[in-house]
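Next come two complexes built around chain A: one with chain B, the other with chain C.
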Partner chain A sequence: MTAGARRGAGASFRRSRTLAMAAVLLFLLYTLLPLWYLLVSATKTNQQLFSSFGLWFGGDLNLWENLAALFARDDGIFLRWMLNSALYSVLAGVGAAAVATMAGYALSKFRFRGRDATFAVIIGSVMVPNTVLVIPLFLLFAGVGLTDTWAAVVLPSTVFPLGVYLMKVYIDGAVPDELLDAARMDGASEASIFLTVVLRLASPGIVTVLLLGATSTWNNYFLPLVMLTRGEALPVTVGLAQWFDLASAGSGGQALFSIVITGALVGVLPVVALFLALQRFWQGGLASGAVK
Partner chain B sequence: MTTVTLEGVGKRFGGLRVIEGVDLEVGSGEFVALVGPSGCGKSTLLRLISGLDVPTEGTIRIGGEDVTDVAPKDRDIAMVFQSYALYPHMTAAENMGFSLRLRRAPPPEIGARVGDAATILNLSDYLERRPKELSGGQRQRVAMGRAIVRDPKVFLFDEPLSNLDAKLRVQMRAEIKALHARLGATTIYVTHDQIEAMTMGDRIVVMQGGRVEQAGAPLDLYDAPRNRFVAGFIGSPAMNFLSATVAASGGALDVGGAGSIPLPGGASLAPGARVTAGLRPEHLLVGPPGAGLSARVEVVEPTGAETHVALRVGGAPVLAVVRDRVALAPGAAVSLTAEPRHLHVFGEDGAALLPRRPEAPRDVLGAFA
Partner chain C sequence: MTALPPAVARAPLAGAAPSRRGRGGLRGRAPGAVAPYLFLAPFLLLFLAFQVAPMIYALWLSLFRERLVGGTVFVGLDNYADVLTDPSLWRGVGNMALFGLIQVPVMLGIALVLALLLDSALVRGRAFFRTAFYLPYAVPSVVAALVWGYLYGPVFGPFAQGAEALGLGAPNFLSAQWMIPSLANIVTWQFTGYNMVILFAALQAVPRDLEEAASLDGAGPAAFAWHVKVPLIRPAIILCVIFSIIGTFQLFNEPRIMASIAPNVIGDDYTPTLYAFSLAFTSLRFDLAAALSFVIGLIVAVVSYAFLALAARAEARR
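== the complex of A and B ==
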């Protein structure tokens, strides 16, 4: 290669790298802009929300006043909604991780008739939108009298086909067959192999599925909307939506917009904190499952 | 004392038959090496003995007791795996004591037995380390320690040295042999490395295509292979094979236009029969053109103690191992000869045609008496 050709190749590489960086920055902006809008809006009064530029602060910082109003509204029911969301998310996340780990382990390490067909059905069900299932689920739960209880939100959320797929792929790579054979030779029962060996080796994958399950339940709106009617059983998504409807209806609730938007900010904080705290597991879990 | 007996053992995976009617008796305290190329079924046979797989036919007995359908944990055997298969989240001591913990042995007993095994294996300083903090050789020793602490009736080894470098492999080979001498337990050792099998086994079982081709003492297999496969598999470098015809006189083999090789006295082969002559590289003598087989030198590889000479006899490649340093250049014309007693002859079906007896070892100590 001549010096001129090398210079040409270097310039082309720099150009494509600059373009890639620009694209990444664009996506970053696209992702962070709503969060920024939320943060800025939560510091505004109801009036400033409609009179000031949406992506910048509106003069006085009104965040503390908004927070105080948020937690005082309707006898402090917002805190109850947050606790409900946390409870539903933790139970659904743990349940989904448990079911997905057991199912993924079985699909990964045991040979049984219909295994491939079962896995194909699970992969296929990832494509089915959860919304489609909500009405049949409501009828099912209504039939056994479980609507308006925590179980109506938690039980359907523990069925998590994407989690099963992730755990199967993760266990394929992270748990060598020889290790299971060694445990069998050591005298371990299948249950103790699962509890003492598989759970430990698959823990990054389990944390990943737990986080995915918990966040999808935290963000879920339609299922609790259909299943729950009691105000004190609602999660934060449905509760805030009800306040928003109230504000939009204009029934003397104009001041609610600033409270709703502050509630939305407080509502996303636990998820952001969870992601940041467990980022190491997220990346480790997803990457090793994918490449091994 | 524990024997391992296989009677007509077979294994199929769907329509694929991977083990076919294997009969084998491993004596109490014996060290038997199962050897063969990749895919010959040796590891599958070991898994059947361990109970990790169940045979489709036949019976497996350990210590005379039928264990064909008994779970691995109830066979009182221990196995060392190729990949060590150590639990990565446990320390070396926890790995070694795991089986005892599962059996609810009292902690002082677990500690004592792990300590004893660690002393035997020179692992005492590494007991609190996790596998990732150990070298390959140390991991292998922990894997052996895990087997030892159980004091099993039978030890199974599945290519335990394959992941080690050449130097460590030689060292661990000696350690395993010494361990066997010390413990005296019945041992079945799978390897694809025939040198490993030759140096370690009291007896070698050569397998191919799921069948046992020949079983016997290492030097018996080297001196008197039953067929061409065993002849080619045992010995390093491998035996040379040349297509030949039994001469009209019946006393020699004609190797195409390259010359002839005299048959040993007492050999009775039908004149004109097409056969394969087998000659080990270390039995070939390289000399000036003349008697024997005409050959042309292709490559000369001095290794220090000996010289490997790659040649062509007619169109066939032949390797000769010469014990001293030789002045040969590629392209040189030479002759190859061998003592008739070193000649192997195989029929068209691969079976050995000459009756051969293992050679008696030289009495080195007697020579000085």
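== the complex of A and C ==
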């Protein structure tokens, strides 16, 4: 390659890089636009929402007043919704991660009759539409009087087939057979091998499944919408949707706009914070699942 | 957690698999027989209770009907016949077919381009971009729909405000002819990053030395990406398409939220899942809702299978 050709290649590389950065930055703008709008709008009064430009602040910051109004509305039920969401998500996430880790370990490290069929059924169940499950689940829970309880939301959410898949793939790569062999040779029981060796080596995968399970429960709308009717039992998604509906219906509900927007911001923060704090885990965990 | 009593875990069982993968001295002789079942048991119990049992119950519901006279009677496939001849089902399916044909290729196209860009040497700060693009996935779809609903809004939506300031008319994003693209945009916003992370992870597994070989051959990065990298990550792309098809026919949260601000556009049968919800909880026709749910499942399976067959045919022709 002559010096001139190399310089030409360098120029084309720079041009490609500018184009690539422009494309990526454009998409970043699109990604952040609604979040920016949410942040800016949460600082506005109802009047400012209508009178000021949506993508910029409207003069005085009204965020604290909005937060106070949000948490005071209906005797502070928003805090209750947040706590419900947190409780449901933690229970469902921990439950899903616990059973998925054991199941993934069994599918990864043991040969037994029915293994491939079990795995295929678990994976295949991802195809089953939500409505096929949620409507009969409602009737079954209603039959035993468990609708409007935490169990109606948490128990079905512990079934997380994708979590089993991710744990199987993760344990395939993270737990060497030789180590298990050595532990068995030393006379360790299967339970203690699982508790001491597997749990430790698979912990990044477990954190990923816990995070994904907890987030999908926090973000779930359909299941709690069907299962819960009592205002004090609702998670934040269903509660906010009710307020949104009320605000949009007009007839005096318009005072709710700033409360709904502030509530949406507060309702998003825990999940986003968790995702950012734990990105090291989920990026690794998801990656191992996608490659297979 | 199942803590296995050592005696159970080690008890030698008749017919136990002698050893796994033909090696491992003591391993697998006895424990291999019981331990995997005990490890699987908690998940399988929950799976049976909250996935299999409701499916069987739904099947049962869909085959019976409550009569004013005579109580609940077996009606065979009558509920399915009613659902399949119900124009509301086909309206919803039509909407979702149109939605999917626009949204899935756009979203996955963008996700693929972004994944290729981040995987190339062209973009700096890719860890930052990867995290930022994934962020909408952490936002509840209720909040995503609500925020986009306000953004679209004719009253204080910034698009309408901006268009008005420029003296232009903004399109009414919440009107009947704009609703499908408006919903498609919300879903694209939420899931492009998620798909990008999956595709990016697959790209990372493409051997680096291939890239060096290609650049010595004089192949540009774009040609290399298209002809070498994309075919290598076909399985990941197919996975993303299948997940998107499943998601499309289950669309519920976004249209339900948007129905609050566009009640005349989004009726009870705008999507098949909205219609199933309405049949169950407004009309209290659980039998029809169950039948409809299975029809949705069948449509998802048929469309997914058709896509896989098409993909296989395209692969064979290469």
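The definition used in the following text is that the second predicted complex is superposed on the first by the 276 of 292 C-alpha atoms of A that agree within 3 Å, B and C clash if a C-alpha of one lies under 4 Å from a C-alpha of the other, contacts with A are read in each partner's own complex, and residues count from 1 in each chain.
Quick note on the criterion: contacts are C-beta pairs under 8 Å (C-beta built on N, C-alpha and C of every residue); 3 or more make two chains touch, one makes a residue touch a chain.
Everything numeric here is computed off the predicted structure, so don't read it as measured data.
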{"item": "A:G76 touches, of chain B and chain C: first, second, both or neither?", "value": "neither"}
{"item": "Which of chain B and chain C A:Y221 touches, first, second, both or neither", "value": "second"}
{"item": "First (chain B), second (chain C), both or neither touched by A:L107", "value": "second"}
{"item": "Partner chain in contact with A:L133 - chain B first, chain C second, else both or neither", "value": "second"}
{"item": "Touching partner for A:G10 - first (chain B), second (chain C), both, neither", "value": "neither"}
{"item": "Winner by number of chain A residues touched, once chain B and chain C are compared", "value": "C"}
{"item": "First, second, both or neither for A:P176, with chain B first and chain C second", "value": "first"}
{"item": "First (chain B), second (chain C), both or neither touched by A:V197", "value": "first"}
{"item": "Which of chain B and chain C A:A264 touches, first, second, both or neither", "value": "second"}
{"item": "Contact residues of chain A, present in both the chain B and the chain C interface", "value": "181, 184-185"}
{"item": "Partner chain A, residues of chain B touching it in the complex", "value": "47, 50, 52, 71-73, 77-79, 81-83, 85-89, 98-99, 102-103, 146, 150"}
{"item": "Footprint of chain B on chain A - complex, ascending", "value": "176, 178-179, 181-188, 192, 197, 200-201"}
{"item": "Residue ranges of chain A touching chain C (in the complex, touch as defined)", "value": "16-17, 20-21, 23-24, 27-28, 30-35, 37-38, 41, 49-50, 53-55, 98-100, 102-103, 105-107, 110-112, 115, 118, 122, 125-140, 155-156, 158-159, 161, 164, 177, 180-181, 184-185, 189-191, 194-195, 215, 218-219, 221-222, 226, 236-238, 240-241, 244-245, 248-249, 260-261, 264, 267-268, 271-272, 274-276, 279, 283, 286-291"}
{"item": "Chain C residues within the chain A interface of the complex", "value": "1-4, 6, 9-10, 17, 20-21, 24-28, 31-33, 35-40, 42-44, 46-47, 49-51, 53-55, 57-58, 61, 110, 113-114, 117-118, 120, 122-124, 129-136, 138-144, 146-151, 155-158, 161-162, 189, 192-193, 197-199, 201-202, 204-205, 221-222, 236, 239, 246, 249-250, 252-253, 256-257, 260-261, 273, 276-277, 280-281, 286, 289-290, 292-294, 296-297, 300-301, 304"}
